[in-house]
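Letters A, B, C and D name the chains as they come in the text, with residue numbers starting at 1 for each one.
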Amino acid sequence: MTERETDTPGPTLEGLRQRLVEFAAARRWEPFHTPKNLTAALTVEAGELLEIFQWLTPEQASAVMADPDRAHRVRDEVADVLAYLLQFCTVVGVDPLTALAEKIERNELRFPAPGALAEEADVNPEDAS
Amino acid sequence: MTERETDTPGPTLEGLRQRLVEFAAARRWEPFHTPKNLTAALTVEAGELLEIFQWLTPEQASAVMADPDRAHRVRDEVADVLAYLLQFCTVVGVDPLTALAEKIERNELRFPAPGALAEEADVNPEDAS
Amino acid sequence: MTERETDTPGPTLEGLRQRLVEFAAARRWEPFHTPKNLTAALTVEAGELLEIFQWLTPEQASAVMADPDRAHRVRDEVADVLAYLLQFCTVVGVDPLTALAEKIERNELRFPAPGALAEEADVNPEDAS
Amino acid sequence: MTERETDTPGPTLEGLRQRLVEFAAARRWEPFHTPKNLTAALTVEAGELLEIFQWLTPEQASAVMADPDRAHRVRDEVADVLAYLLQFCTVVGVDPLTALAEKIERNELRFPAPGALAEEADVNPEDAS
């Protein structure tokens, strides 16, 4: 996370969320932005991010940001996923940061870190989410 | 976005990103967290969010948060999508807020708001992203 | 399903599956065709099919095949989804027709048709799959 | 594709498509089976198939059918993907076999097999679909 090179504060999640609200309102796109349409769009964009990686070897995938074209596509699809997630959260009234904080707390109980308990947990990411 | 009811500051995106890094490290899950695996997981979780809505009528979808079970599932899947997006961004070194700010700027040029220009634009969400 | 207008037999699923095997072999693409990559590609293509519909109203969606461009995209994405499904089935050794026949049998038990039993079932597609 | 062990003919794609039509009709699920809902369901199920593989190493993924639980899930998700694809094709009036045959023909022109032309093609699955 070393992209920001200046001392000026970067954009905030809430600021971006608000800009997306204004962007859609100015284009009268709100009628399209139903919860169902937005989750469909979110899934489609996540698929487009996955598409960049689908045929890559692990080595190619690790070096994805060294290829300027792929790096641009990655940033573009990350932006699309985050945009639709924020727009979805706006229309259903969910705070994504609170939702994630609560999920991390549930997962910390569900998957105790090895060493955190007398009896070491054998946890696997396959069981999560 | 009316969930927070206290004056205590809520979680920040960067704080949650860091907690996810520590969570994975404590469980030694980093080897699983390749860019390809994380984009796959992101797409799967986006699909799980979509699944909640797939058979709902527009009316049912709009009222999704009035059903406590569905509301919990929505928050849970929003958290999963955001978690995998942040973990992906960490491993590829992308700042999601900067990526989204840049995308909004590109889209403001690409889809001028009606009234913003002498010649009104005929824009449609189908052309975006 | 009225597309075939001649008496010549159309393509068969097994014939197409075999052509896909030969197509990949001739281009030496088999190393890319791992189960994981193929399920990723399948999901991406399903997302591209969904993308056609994501902003459409129910009326527009019902008339999708009346628009030649959209109709072509629909056929193209259906083909991609089926292609990756068949290629996946080839590499893992699953017969998709047998798998589907067995699933239908399980679902017939799980979701009894109303009227099929003395006590009418209240079934909902939300519970299926 | 060695699953069928008897001489009795296995199920056909058209026969299964028809059974799915009858299954939905008997449960009065047709109103739910809009093109948009069915492509959403297709994407969700493709994601569930991908989920089985998302954290697996290439070795684990190759051996997926040796694990009875995973093998059952794979067959189940293959069936779901094929079911929703067939139901989608029914409602939009597309013959999936014809669509795939046409796509293969287009791809044979677009990605000439090495050796098929004087000038060898440098083709890559990344360019396909």
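Structural remarks
Keep this in mind: a residue touches a chain if its C-beta (ideal position, glycine included) is under 8 Å from a C-beta of that chain, and two chains touch if they have at least 3 such contacts.
In this text the structure is predicted, and so the values were computed from the model without any measurement.
Within the contact network of the assembly, the step distance from chain A to chain C comes to 1. Common neighbours of chain C and chain D under the contact definition above: A, B.
Rotation relating chain B to chain D, from a C-alpha superposition: 180°, rounded in steps of 5. When the interfaces A-D and A-B are ranked by C-beta pairs in contact, the top one is A-B. Centroids built from CA atoms put chain D at 28 Å from chain A.
Chain centres here are Cα means. That of chain A falls 4 Å from that of chain B. Of all residues in chain A, those touching 2 or more other chains are 32, 36, 40-41, 43-44, 46-47, 50, 53-55, 125, listed in ascending order. Listed in rising order, the residues of chain C touching chain A in the complex are 32, 37, 40-41, 43-44, 46-48, 50-51, 53-55.
On the chain B side of its complex with chain A, the touching residues are 1-4, 10-14, 16-17, 19-20, 23, 26-29, 32-36, 39-43, 45-47, 49-50, 52-54, 56, 58, 61-62, 64-65, 74-76, 78-83, 85, 88-90, 92-104, 107-108, 111, 113-116, 123, 125, 129.
Contact residues of chain A toward chain D in the complex are 36, 40, 43-44, 47, 55, 124-126.
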